[in-house]
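Letters are used for the chains, namely A, B and C, taken in the order the chains are written, and counting of residues starts over at 1 for each.
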Amino acid sequence: MMAYLLRRLGWMFVILFGVATVTFFVAYMVPGDPARMIAGPGASAATIDSIRHQLGLDQPIARQYLDYMGRLASGNLGISFLHRVPVLTAIFQRLGTTALIALGGVFWELAIGIPVGIAAAWKPKSILDRAGTAFALLGLSAPPFWLGLLLLYYLAFQHSIFPLGGVGHPLLWYLILPTFTLGIGGAAWYTRMLRSSMLEILRSPYMQMARAKGMPSRILLFRHAMPNAVIPLITMAGMDLGYFLGGVLIIEVVFGIPGVGQQAWQAVQVLDIPMIMGTVLIAAVFIVLMNVIVDMSYAMFDPRIRYR
Amino acid sequence: MLSSGPELSDRSAVAPVSGTRGEPPVMLSRWSLLYRSLLHDPPAFAGAVVVLALLIVAVFGPLLAPHSPYTGFGNGLSKIGAPLPPGGRFPLGTDPNGRDVLSRLIFGARISLTIGVAANGLATLIGLLVGLLAAYIGGWVDTILMRLTDVVMAFPILLFAIALIAVTGPSETNVILVIAFLYWTYVARVIHGMVLSLKEREFVTATRTLGISGRRIMFRHILPHLVPALIVYFTLGVASTILIEASLSYIGIGVPVPIPSWGQMIAQGQDYYQIAPWLFIFPGIALVATVLAFNLVGDWLRDVLDPTTPQRR
Amino acid sequence: MRTAERGVQSPTLVRVEDLKVHFPVRRSAFGRKSGVVRAVDGVSFQLSAGDVLGLAGESGSGKTTVARAMLRIIDPTGGRVLMDSMDISKLGRAELKRFRRRMQMVYQDPYDSLNPRLKIGTTLEEALMVRGVRPSERTNGVRLLLERVGLSGAYALRYPHELSGGQRQRVSIARALGVEPSVIVCDEAVSSLDVSVRAQILNLLRDLQETERLSLLFISHDLSTLRFIADRVAIMYLGQVVEIGGREDIFDRPLHPYTLALLAAVPEPVPRSQRRPVTRLTGEVPSALQPPPGCRFHPRCPIAQDICREVVPELRRKAAGHLAACHLAPDAPAIGVP
């Protein structure tokens, strides 16, 4: 087990290394002159040069790369052009809000996906199944931003049930619509996955045997089929959490939530490279971390994996 | 239902269909079988109709649109300068610049479909090559390629796409390239798994022992087995890439402004939701219908061609 | 007439010397290698030109592994496989390609050894491709190949699923013949076929072997098949050859207890009154991870002695052309015709 864990962690660092390298090169590719952007419109050539020297931009690329990696190792993601604060600090300040949205999204994914999926598998081809499948297909096909707008229009504008975006008190109330919008897409996926894996399990020989012996359907469904089918879903939800933590930009923009995504969006408007790439890097780190955690918990549950 | 018996894509597959009341059985070709299966699946049939309609609109758009999508009509705005509601000369209303919404929707279909198909096509090609080469050659080639895949997959698609386009400049080409360079990983993973198991089949061993080159085995022997899955993933992939492009355009980092894209129309319409909700509702419906159609057709293709195709994340 | 029966000394085509194939086993993620499966552990035999050598044994005896190691489908761990005085096990990629034309294989599964998506003709063309036949002549070449195995040229346009199992094996044989090898290894080539079809294919193989002067290494768990087609038979148990000899030696004068047990399992149309007492074999083939000490067969051997538990018996000549690895079979006198 230990060997597997160590191997997995080793690969994680390799991937993170690759991610950092890619991020560096993208940031390096930017047209335009970062020094000039920092200095501002009216700065003199000397100021620009000195800023360039301070940022180390006059060094050869290999040297810049090494400096960059060194800075990353000490947690320095650079200074935002726009806000003049360290990128990492700015991100962490907003991370709480985004984390709430991320968690809410995963919550809705499971809260909607699992019941609907089970209901659909309960009686295949029934009205319930068809409705569930239709819901899933629509949820998959609707663009999240449009769905959000639609919800805002009908539930916040036409009928003032929910607030029209932004954040306030009570916080959770303001987050209902955004998290719901975020979760619908995943819920649709999970409904379909759960339905098909439950149907597969229910068709398996040992299930048919149990049914032939007279076991009531309900027990079959809940005690036997469901746990097996749901566990992969939980792990997928874990990975979604990592993905969402990366800054659910679209949702935050649509609903006006002051989170990491919205901040990244503002940075895009002005080409604030350190903030953009810093957010991308943090997002990737979250994704990789969650992947590793999910893999390792899989390995704990399923001994076969360890032998690879 | 069709997966039992000879595989559908075998060129000589014929199936006797017994007639009613003692009529002699009718031999059907592969295409008839496909068509019949489509008829039995109403949602898939509807989806196929929509996809076909979209293709027609995309190709013949300029002929079908009542007006030009770029022209702001003087009488396209109300007396106080507000967009017109649907009806009359402008069947779906006008936008804040006096442009005909229907025409813009039609041209938007071209854009979405072009970008979706091109980006997805490129992504599928890259993913196929990476997955096939990595799995067949094995060794350090496999390790490097699959780790590369892992690295690319570590980035959140939308966020990274936004960053890349911001850095390289928004244009139709850049959007296609960026989406393709991020999306290929899903195809690569699936193809990699399939090729790994195909590699173990006895006919591959036999052909290798014969002395046939690896290149020929990869493309003449293994690739044909991948085609059904590729078709399924391509179709489903178009649905995804269209959604990605729409999100990018909505955010404003997609195709540049005058070119109509549904996502962008939604963003624009968003500002006028109080007085002209149709501006954001119609493009959204168009998007949902399009993506749904491709999803339905993709699902149907999966059932028909290869029910054992693994689900892709 | 068979080469062996003519009594002519034919040149040795393939010589397998002390072949070993070991697979490492990763028992747990703790240790890297906690065991080694000795699938093939010191196998030696020769195949002469125009000869049919049968390789018999239960599943797990390692006979398929021997075949795959000979063809370099898997790499041997030790020992040598010599052909034309070249050690096949050490060949590089370019030379391996040339060697492939000398030795080919017909596989057990007629359903999976042909690519279901390629026409028969295309599959056979590949063999011709390897031989260097020009594209313009390939169609004709395919037709000739098909006819050699008793199928009409029209089959070139069919797909494997349109053919029966027996027909598919004929195609596999045609494919192997296509590169004009000197040796063909048949790995349980008829085991998946119906008994009636089996006879046809065996006859085909025998005819081809005679007309083309092929050498066959025929692997089978079924001794009655080998009695029909083989000139010489080697019996394998748990990765080692325990007996090897001519057809009459093995079937009429078996020496090793394992051979005797295998023969006893072969159904014979003999009236009850004339049946010989049967030595039933108990137990199963032990795991190749930890073979028993001494003679590997001793736990199941009805006549095992103390020496069998301690000393590994060598393959020694017990009669002319007849070797066995058993302490209890007397060795042949030193002088005599080999």
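Keep this in mind: contacts are C-beta pairs under 8 Å (C-beta built on N, C-alpha and C of every residue); 3 or more make two chains touch, one makes a residue touch a chain.
This is a predicted model, so every value here is computed, not measured.
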item	value
Innermost chain, where centres are averages of C-alpha coordinates	B
Longest centre-to-centre distance from subunit A, chain (CA-based)	C
CA centroid of subunit A to CA centroid of subunit B, Å	23
Centre distance in Å when subunit A and subunit C are each reduced to the mean of their C-alpha atoms	57
Computed distance of Cα centres, subunit C from subunit B, in Å	52
Complex contact set, residues of subunit C against subunit B	71, 73, 97, 100-101, 104-105, 107, 109, 112-118, 126-127, 129-130, 158-159, 161-162, 172, 175, 179
In the complex with subunit B, residue positions of subunit A that touch it	11, 14-16, 18-19, 22, 26-27, 29-31, 137-138, 140-146, 149-150, 153, 157, 193, 196, 236, 243, 246-247, 249-250, 253, 261, 264-265, 268, 271, 273, 276-277, 279-280, 283-284, 287-288, 291
In the complex with subunit C, residue positions of subunit B that touch it	6-7, 9-12, 201-203, 205-212, 216, 220-221, 224-225
Contacting residues of subunit B [partner subunit A, same complex]	43, 147-148, 150-152, 154-156, 158-160, 162-164, 166-169, 239, 243, 246-247, 250-251, 253, 263, 266, 270, 273-274, 277, 280-281, 283-284, 287-288, 291-292, 295-296, 311, 313
